[in-house]
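See the structures that follow.
Two complexes come next, and they have one chain in common, chain A, joined by chain B in the first and chain C in the second.
So, the complex of A and B:
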């Protein structure tokens, strides 16, 4: 499996049914109803994080925390190796004839290096996984999805009764419904 | 079941809807700059020019243009460094620690506080970098293989820890700030009309669409970054304090320094946040977002941290007396009644006594008064660093080495000039980026329990 989440792009997809909501509670309820009826919601676009939506539409829990841990461990090992090489192997400094070995004075640098590697390692994978890159063309279904509207996108399948899905969206609070084919939207 | 809270006061007043939030917060970005902005920006650029001139003079002539001398080898410059680093602590504290504690009131103020952090750290970095004298070899502070033999940096030195701490703090804060900005930059991208604006906001929003998948990861990353930044904030000022505490200078080598410096940093940071936000909410009409409730919460933190700092001052005195060490006792008596008594008593009255007025509800809820107090706090915290540095250094063990110190015109120019850097950056930020986190504020419009 690649790191980039391919679900985030809307290109090369079947026809997408688009529902527009304006109220958070109605949206959560509608998403639950749709999923309950066995309809596979491709994604929901919201201007702010709506808690619980990811679980309703079946997004798996992100593994970025594990990535962060791995990056942190790498950072710690890197820092210990760096200090050990410089301070013990390459050029030991004689301080009061004390043995040259690990001392607590290494800890601040080790800690800072670990935090730096964790934050930037995780940040890097966050951008990559989320398809966030300078110059990426954004697949917006609505100009106001970053403002105040919440958009539900349902990718059609051959077995899907499209008019029934649209009816369900309308009866559960969708203020507008559209279909999206190859970047062109028509209100239905 | 989710329902609206009946007892908790609303965090955002004025019955705002999500589109109102977008409209209000993006107004300064979408419209022409106001005359208040123009005046403020011009003034900041004037101060920035003072910085450039002072710095040029310092570099052209040498560090001798500062009044630092034998025994007072750290003067205004390191005072200013610690002052600015301290201010730089509130931003990450507000966004990280308050996020971990689920304090939702942070959402209206975290963006500008984080911006303040970044600009303050930039100002802070100027001082140790140029205090090195030969700034063009500043990279010697990094552990790089070099051409002068196998000589490496000293990992036992707190000054090296500082290099790592400050640079990590700056980069991680910048990353945290930028990740938080992406959804809001996307909002602006979808609002701006001109081609140039669309290009730039499009470039920096990196194709953000607000997908549920992205939001889930965004929230997880914010949480982990908050968890990382919390010990980071504490470590940075702890390390700054060890610059002093690991020495054998009476007045400096005290074990209380790390917690005392961290509390002082939070205190001064909140002082500066209050200074900026009280002006911003008035000028930009954000009274519904940065409410009296926010100001009251900040005042309480200022009072608590001010009192912690006050207890630290008193503890230092007690320990100096209790230790029975003559030099230590003299250093502290000299602080109080020596030639720098005025600096000491300014510090005491600004940091310990003045914030006690916040026990009164009137004081905590009156913007102009909090603004005045925030200035008092900033002045007090500058004096704290001045007292720690100058009074401890100016009377060495040998009376023949006793000297007096006062900042030269260039040193004063550099200090005033950093306000130029700070405010120029802040005004540009207020013009081109949303100063309030729109996405997060939209999620707290309803008063949920």
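So, the complex of A and C:
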């Protein structure tokens, strides 16, 4: 997938333990228990935002805001140079005898250009970072993770007691547990 | 969501801390003293400033007059006026085109000494204060209604604060009406003009003011706002009563919530149609020849953002005193976002009122900005810096919105800045040139802030601080904006 970030992919990894939840309260509690036991949760996939989950599994603050700021600044500079070239250098037009340089009439263009670049830039970089650009292959752990189920993915390590982790998930409300190796899932 | 640590929800009853009471009283006393000094130092020789007399050449030679003085002297003024220096931009045009008919370009401003009773300054200041706090309290009610209409959950934990704030409407409106009653002849030159009862063709007859007399007349100036404020206050009282009934009802009963929602929706409709009318009557009519179709929205933006700043200040204060235990940094962050968003909204409206008038350059619209931009340049641009650039720069960062000290500082700047904004809408229109903020302005502002703070804190003591039976209370308690 070229430019896409491979670290987010679930393929080419150690075995992944998958737990399926149907209730968000139980999920939050289970995530707390798992984190408390020192188990490193790779990610949790939910069909809608579950408040508080991000803090529990230690999601870092998104850098999207900084990206937005940079995109906005870029848009602003782009628009100022565009108007300057078009309206001052290349083809000045006399509109009601107003001056051509840096007048209030520039502001709507600058504003809209900033907003446009921010919105498109954020959209692009968001999809890029989440490897959701065009041509992405379906990589769902569960078809219903976009509908009503919440999926916990835990990457196994050599020191991990796998059966204990699975037991822990089951006793904390997982309705199903599976293991995932390179795209193949088996219920355990 | 009962995750993690369970948060216990319990009612809180507020008593004003001694220091809070002291603070409000000190503000009022210092405000009164400054007002006294301010009044004592007004130049009472009869000339309290210069006045901008505007005439539009397109109206014909004799058909002008704005009612500041007797028609006879108007005619004289007009003759001078034809030879007076045209404003700078007209000069430019003349130089560039040589043969341009200067009469087509804009109203020519003629500033001259004008006799205004020195008391006018007091009435105009009271008008600003009364108007500002009426609108701020009204926008608190608007805030409250928006939360219901939008089915918002996060704000339930702080909903008693705007609920207490809008009880200030009658007080502020009373002051506003007193100021208008006592100062109307000198604040509004159209009131003066109305008393002249001029017929078309008479010297001093003003076709613009005559054309607007269907709306700009003394009967409407008093009648309409009283009706509107009565409607607002009645809906506000109803909402407050429903909120109290909900506290005493059983948990899980959504009857009062649904009823509040309907009244809120009704209020939003009333508010949307009426807030502009109040802005036109009290503030825009100061420059009665001028009009701006966005003026009501602009006034709304100013008062709405100050109202949010006041809500943030009260919530921060209550939290610092150990109340509102259910309110967390997350709620403050959302209030910060509200302040930030509507700061941008204010700037948007501020700019576009100016931009369209600047672009079209229609004489009857230009006059408002001509005096403000050419003779009050620093005030005009300073207004923008204080009300937009500073809050925008400081509130852009997430960490700033979550820092109570920065929030309080910015909220204070915004409240003062927007009060100044209203002042700046009124004073150049009433007094013309050379008006600046002085001790009188500062004193009246402090007096009103003190009164407002004391009133709101007192209202907060009258019921529990937590809307204990609100169906969304739990959602608000566990509100989280994420990492």
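Going forward, the second predicted complex is superposed on the first by the 173 of 188 C-alpha atoms of A that agree within 3 Å, B and C clash if a C-alpha of one lies under 4 Å from a C-alpha of the other, contacts with A are read in each partner's own complex, and residues count from 1 in each chain.
The working rule: a residue touches a chain if its C-beta (ideal position, glycine included) is under 8 Å from a C-beta of that chain, and two chains touch if they have at least 3 such contacts.
Keep in mind that this is a model prediction, so the values were computed, not measured.
Q: Return fit or clash for chain B versus chain C, each positioned on chain A through the superposition.
A: clash
Q: Determine, under the contact definition given at the top, whether A:65 touches first (chain B), second (chain C), both, or neither.
A: both
Q: Between chain B (first) and chain C (second), which, if any, makes contact with A:174: first, second, both or neither?
A: Neither partner.
Q: Counting residues of chain A in contact, which comes out ahead: chain B or chain C?
A: B
Q: Go through the superposed model and pick first if A:108 touches only chain B, second if only chain C, both, or neither.
A: both
Q: Please indicate which partner A:165 is in contact with in the superposed arrangement: first for chain B, second for chain C, both, or neither.
A: In the superposition, A:165 touches no partner, neither chain B nor chain C.
Q: Looking at the overlay, what does A:135 touch: chain B (first), chain C (second), both, or neither?
A: first
Q: Please indicate which partner A:96 is in contact with in the superposed arrangement: first for chain B, second for chain C, both, or neither.
A: second
Q: Thinking of the overlay built on chain A, is A:18 touched by chain B (first), by chain C (second), by both, or by neither?
A: So A:18 meets neither chain B nor chain C here.
Q: Pick one for A:29: touches chain B only (first), chain C only (second), both, or neither.
A: A:29 sits against chain C, while chain B stays out of touch.
Q: Taking the superposition on A as described, I'd like to know which of chain B and chain C A:48 touches: first, second, both or neither.
A: Only chain B is touched by A:48; chain C is not.
Q: Now that the structures are stacked on chain A, which of 25-33, 187-195, 205-213 or 313-321 shows chain C clashing with chain B?
A: 205-213
Q: Common interface residues of chain A with chain B and chain C?
A: 24-25, 49, 54, 59, 62, 65, 105, 108
Q: Report the residues of chain B in contact with chain A in the complex, numbered from low to high.
A: Within the complex, chain B touches chain A at residues 2, 17-19, 22, 143, 150-156, 158, 160-161, 164-165, 168, 171-172, 175-176, 179, 182-183, 186-187, 189-191, 202-221, 224-225, 228, 231-232, 235, 239, 438-440, 442-443, 446.
Q: Would you mind writing out the residues of chain A in touch with chain C in their complex?
A: For this pair, the touching residues of chain A are 24-25, 28-29, 32, 49, 51-52, 54-56, 59-62, 65, 69, 96-98, 104-105, 107-108.
Q: Please output the residues of chain C touching chain A within their complex, sorted ascending.
A: Per the touch definition, chain C meets chain A at residues 1-4, 92-93, 96, 351, 354-355, 358-359, 361, 396, 398, 478-480, 482-483.
Q: Name, in rising order, each residue of chain A that touches chain B in their complex.
A: Residues 5, 7-8, 24-25, 43-50, 53-54, 57, 59, 62, 64-65, 68, 82-83, 86-87, 90-91, 93, 95, 103, 105-106, 108-109, 111-113, 115-116, 118-120, 122-123, 126-127, 129-140, 143-148 of chain A touch chain B in their complex.
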